[in-house]
Amino acid sequence: MARLTVPKTYKLYIGGKFPRTESGRSIAVENLKGETMAHICHGSRKDFRDAVEAADKAFPLWSGITGYLRGQILYRMAEMLESRREEFAGAIQVTQDVTIAMARNEVDASVDRLVRFAGWTDKYQQVIGCANPVSGSYYNFTVPQPQGVVVAIAPNTPSLLGLVTCIGAPLCSGNTVIAIGSDDHPMATAIFGEVCQTSDVPAGAINLITGSRHELIEHIASHRQVAGVYAANVSKKHRTAIEEGVADSVKRVRCVTIDDDAWHDNARVASPWEIEPFVEMKTIWHPSSC
Amino acid sequence: MAMDTTQETPSDWDYSPAPEKTKVLIETKNKLFIDGKFVSPKSRSWFATINPATEEKLADIACAGKADVNAAVLAAKKALPKWSKCGGAVRAKYLYRIARRIQERSRELAILETMDGGKPIKESRDIDLPLVAQHFFYYAGWADKLEYAFPGRAITPVGVCAQIIPWNFPLLMAAWKLAPALACGNTCILKPAETTPLTALRLAEIIEEVGLPEGVVNIVTGAGDTGRLLADHKAVNKVAFTGSTEVGKLLMRSTAGTGKKLTLELGGKSANIIFADAAIDQAVEGIVSGIYFNQGHVCCAGSRLFVEESILDEVVQKLKHRLRSLRVGDPLDKNTDLGAINSQAQLDIVQRYVRIAVDEGAQLHEVHQERLPTKGYWCHPCFFTDVQPSHTIAREEIFGPVLSVMTFRTPQEAISRANNSPYGLAAGVWTDKGSKIFEIAKELDAGIVWCNTYNKFDAASPFGGFKESGFGREGGLQGLRPYVQLKNKSGGQL
Amino acid sequence: MRKPVDTVMVEQRATSFTRRSIKTASKEQGLRLALSMIDLTTLEGKDSPEKVRSLCAKAILPWEGDIKPLLPSVAAICVYPSLVRIAKRALEGSTVAIASVATGFPSGQYPLDVRIEDVTEAVKAGADEIDMVINRGAFLSGSFDEVANEIICFREACGKAHLKIILETGELETLENVRAASELAIRAAALAGPIQDGEVFIKTSTGKISPAATMPVTLVMLDVIAEYFEETGIRIGMKPAGGIRTAKQALHYLVMVKETLGNAWLHKSLFRFGASSLTNDVLRQLVRQQTGQYTASYDFSEA
């Protein structure tokens, strides 16, 4: 008789832990043949609220450590993802009609994207910050500072590369992140928390929610503790809803539309100008005299 | 219920020996690293490297002659096209691999550094090695991002780089040279210092382990002649040198008219300035780490102390008191603060300056140590008061644990005295007043100004001198500049 | 005159002490020294006569097991004034001193005459040492004369008892405040009368709030003590209290004292640890040094 397997329960990743959704709901993930392969959590607004609290609590630590250390953690995530290449390629293939070569290609690109962002953490300041030559006996510096809790709405595809890219940019500079994973292809998001957890990511610095973004848009836009929103390839309706909803708390919003190929282009999606929307420029004056 | 009464008198508590116990294997004969392989020198010449704390021979080292240097340069030249075109992201990954392996082998490298050079294990373990790893990590991150460092330019490598490094921070200097060069697509020939070749050769092992393409990094050990041969080689496009000002000037002359790019990081006689409104206890700490760190074998050592006259007595008293807790001895003992002087030659130099200073009328303050080993090269940390700006020790670089203490009365006087030197590497400013910090930092002719701190290094922070302390920067965004050629996008050279 | 203190450099120097490697004979000697310097403390609302008696028994004989040479007693016990009489009887014939907190410990938010009476009663009951709290509200609002005058009153009320002045550094927050409060405390105590070595201590904390004692805070206080000694030749004592739970930490503090003030201060007459759970961790390390075995927590009695 064939060995009976132990199927995996997929949970959310919030505050460095793996809680079930408080809503008790789940979504059956069917493969291309219509077979149910897994049940993932259908994240609710309360899960989102919990994630915001966790991300907010993690912000002093994540923003307080050195850029160098953040870079080492992101590099470690790359190492961890690399070591799970086959598993993630398989996860992509569950719902997406792609060859194993294409799936592996996406995982490789995701690893390389993490390496890319790991290299930015202690350099973007030198590119987007500066010393300002003001007229007068003053030293004047503009230094970028992270904003706080940023929500990243990852694109439906590519489900892993898009996720990694959307969280990498705000994380680099010390923001803590809540990512809303792909609705149609949730498996990569469902296991990515494990990569975070094994990479010395401080609890709450990254939080991952699977389910249905449609329910969450309103809360993402209106939650006053959220400082910024990074939305990739969202529908026009969602975009409008976000931009209207954030007005109340004057959040920073970046909505981008990126086609499949462009996700692989570092210059397009992993330049310091992707980091810049999620930092605040602090300009400091000090007189210079004896 | 008898009780222990031994605690009735004050304690004689002191630290037991705490030797670093890990053993590190060293090859008896250490070859050159050329074109991805360890090869015996064609010169058939070898020299010994010793442990300056014990005078014991550690190993034989290959001495690269003309043919060896030629082979190394040609290997670097051969490797250049592929390496420069493989893309920044690929170069980044190699550099990240090197950084990771250095982290993993840190203990071994630190012990080797201490045995070969004499610096305390506490420093090689806690300061040198972490900085080495950081340097590779930092520049790995730039490799695929050069367009942001030099926006609007077509960027190409400079080519084959000859890199000659000193004995005071052997592995760190190797990292400072190799990391930015490789990130920018250059290939390298590294020439470690004669007295400290071992960690560079261990780095060669790591380079081999991570699969760096052959010829991208080559290491030729030897003495002054090897360095000269390397710098003079016609196929070298760039020379990077850290060492004495005297040799730096020789290199400027020998590369004149050749079209070779040159960067130099030379000597210093850095001023450490303490104002009366400084946090004085912490300033004393800064003085100590400024001049006694690494036995004073630091180009940016704060070797001229300028104290505002009103606090001179307090500073001298606190400095003397602080010196009492400095421990000189076996570099492999984890409690040692000052290790061995790197060589007999350097010890002779330091002792000569101490004699000159006494002869010229300065007052020597020294804390005697009873327990120095009989073998090895040792020097007590000391300082001189009653030093005048015209004294020899106030002007010439000693490169040892010897501090010259002078005074000033006003900020302007401090600035002009500090700037009154052909050197301009670093300076320290200690005051609680922010505006004074900025004004004085602006006025000092020094490439690094440490304010309320000293001897702080970071891969993200550019390091280099003004005036005869050299030119070019290492570290930070500016550290990339010496290793790239910038053209405008239509092809004109800049 | 307020003197500046650079926090980053203080922390750097404080960290350097933790990098000393204390092994073998020096470790054993250091642990015994630390044990002899402990002010074994209980300061709870629920303290009772029996609780204090068992604390005193532990203070005299920290461990009943076989160890050579014999273990020292701790330096003192530290209790609330109402329990001093009980402690005095329990400690008769031992070398363990009785320290009492007073002056409305821990907040100090009581009328001055009540706080003075608190000291007087504790001394009458038999306290050898008084651990007082400074008036932080007055200090932080700039009424330095008030803070100083109170210290003078309390020292006078101490009579022959030694005085430990708690700054409550966690509330003072900045190292500059800690330095200024240390200087103020010592000079105020000196105004009340000449000081012999060890009659006056400055102490970090009540242990009732966090942060309590830290290496940087203690370093700043040691620097003030060093300056005062240089100026007057008088040795003021130091007591870090609260948050020192492990033998390893205790050794770091001893290293710091040795390298800032020198070996003369490595004695219970000039240095104390305000601690309770530290005792058992020191014992565990000492027993391991002797037997080579790692012990269980239940191998040592609760205080």
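Think of it as A, B and C in the order they're written, each chain with its own count starting at 1.
In this section, a contact is a pair of C-beta atoms (placed from the backbone, for glycine too) under 8 Å apart; a residue touches a chain by one contact, two chains touch by 3 or more.
Source: prediction; values computed, not measured.
Participant: Using each chain's Cα centroid, which is most distant from the centroid of chain A?
Facilitator: Most remote chain from chain A, centroid-wise, comes out as C.
Participant: By CA centroids, point me to the most central chain in this structure.
Facilitator: Per-chain C-alpha centroids compared to the overall one single out B.
Participant: Please give the pair of chains with the highest number of C-beta contact pairs.
Facilitator: More C-beta pairs are in contact between B-C than between any other chains.
Participant: Measuring from the mean C-alpha position of chain A to the mean C-alpha position of chain C, what distance in angstrom results?
Facilitator: Chain A and chain C have C-alpha centres separated by 49 Å.
Participant: Centroid from C-alpha atoms only, then distance chain B to chain C, rounded to Å. What do you get?
Facilitator: Taking the mean C-alpha position of each chain, the two centres sit 44 Å apart.
Participant: With chain centres taken as the means of their Cα atoms, state the distance from chain A to chain B in Å.
Facilitator: The mean C-alpha positions of chain A and chain B differ by 40 Å.
Participant: Could you please specify the touching residues of chain B with respect to chain A in the complex?
Facilitator: 89, 92-93, 96, 134, 137-138, 140-145, 147-149, 411-412, 434-436, 438-440, 442, 459-460, 476-477
Participant: Residues of chain A touching chain B in their complex?
Facilitator: 67-68, 71-72, 75, 112, 115-116, 118-123, 126-127, 137, 139, 266-267, 271-272, 286-290
Participant: Chain C touches which residues of chain B in the complex?
Facilitator: These residues of chain B touch chain C: 1-7, 9-18, 122, 126, 277-282, 285-286, 317, 321, 324-325, 334-335, 432, 452-453.
Participant: Along chain C, where are the residues that touch chain B in the complex?
Facilitator: 3-6, 8-10, 12-13, 19-27, 29-30, 32-33, 36, 60-61, 69-73, 94-95, 220, 223, 226, 230, 254, 258-260, 262-268
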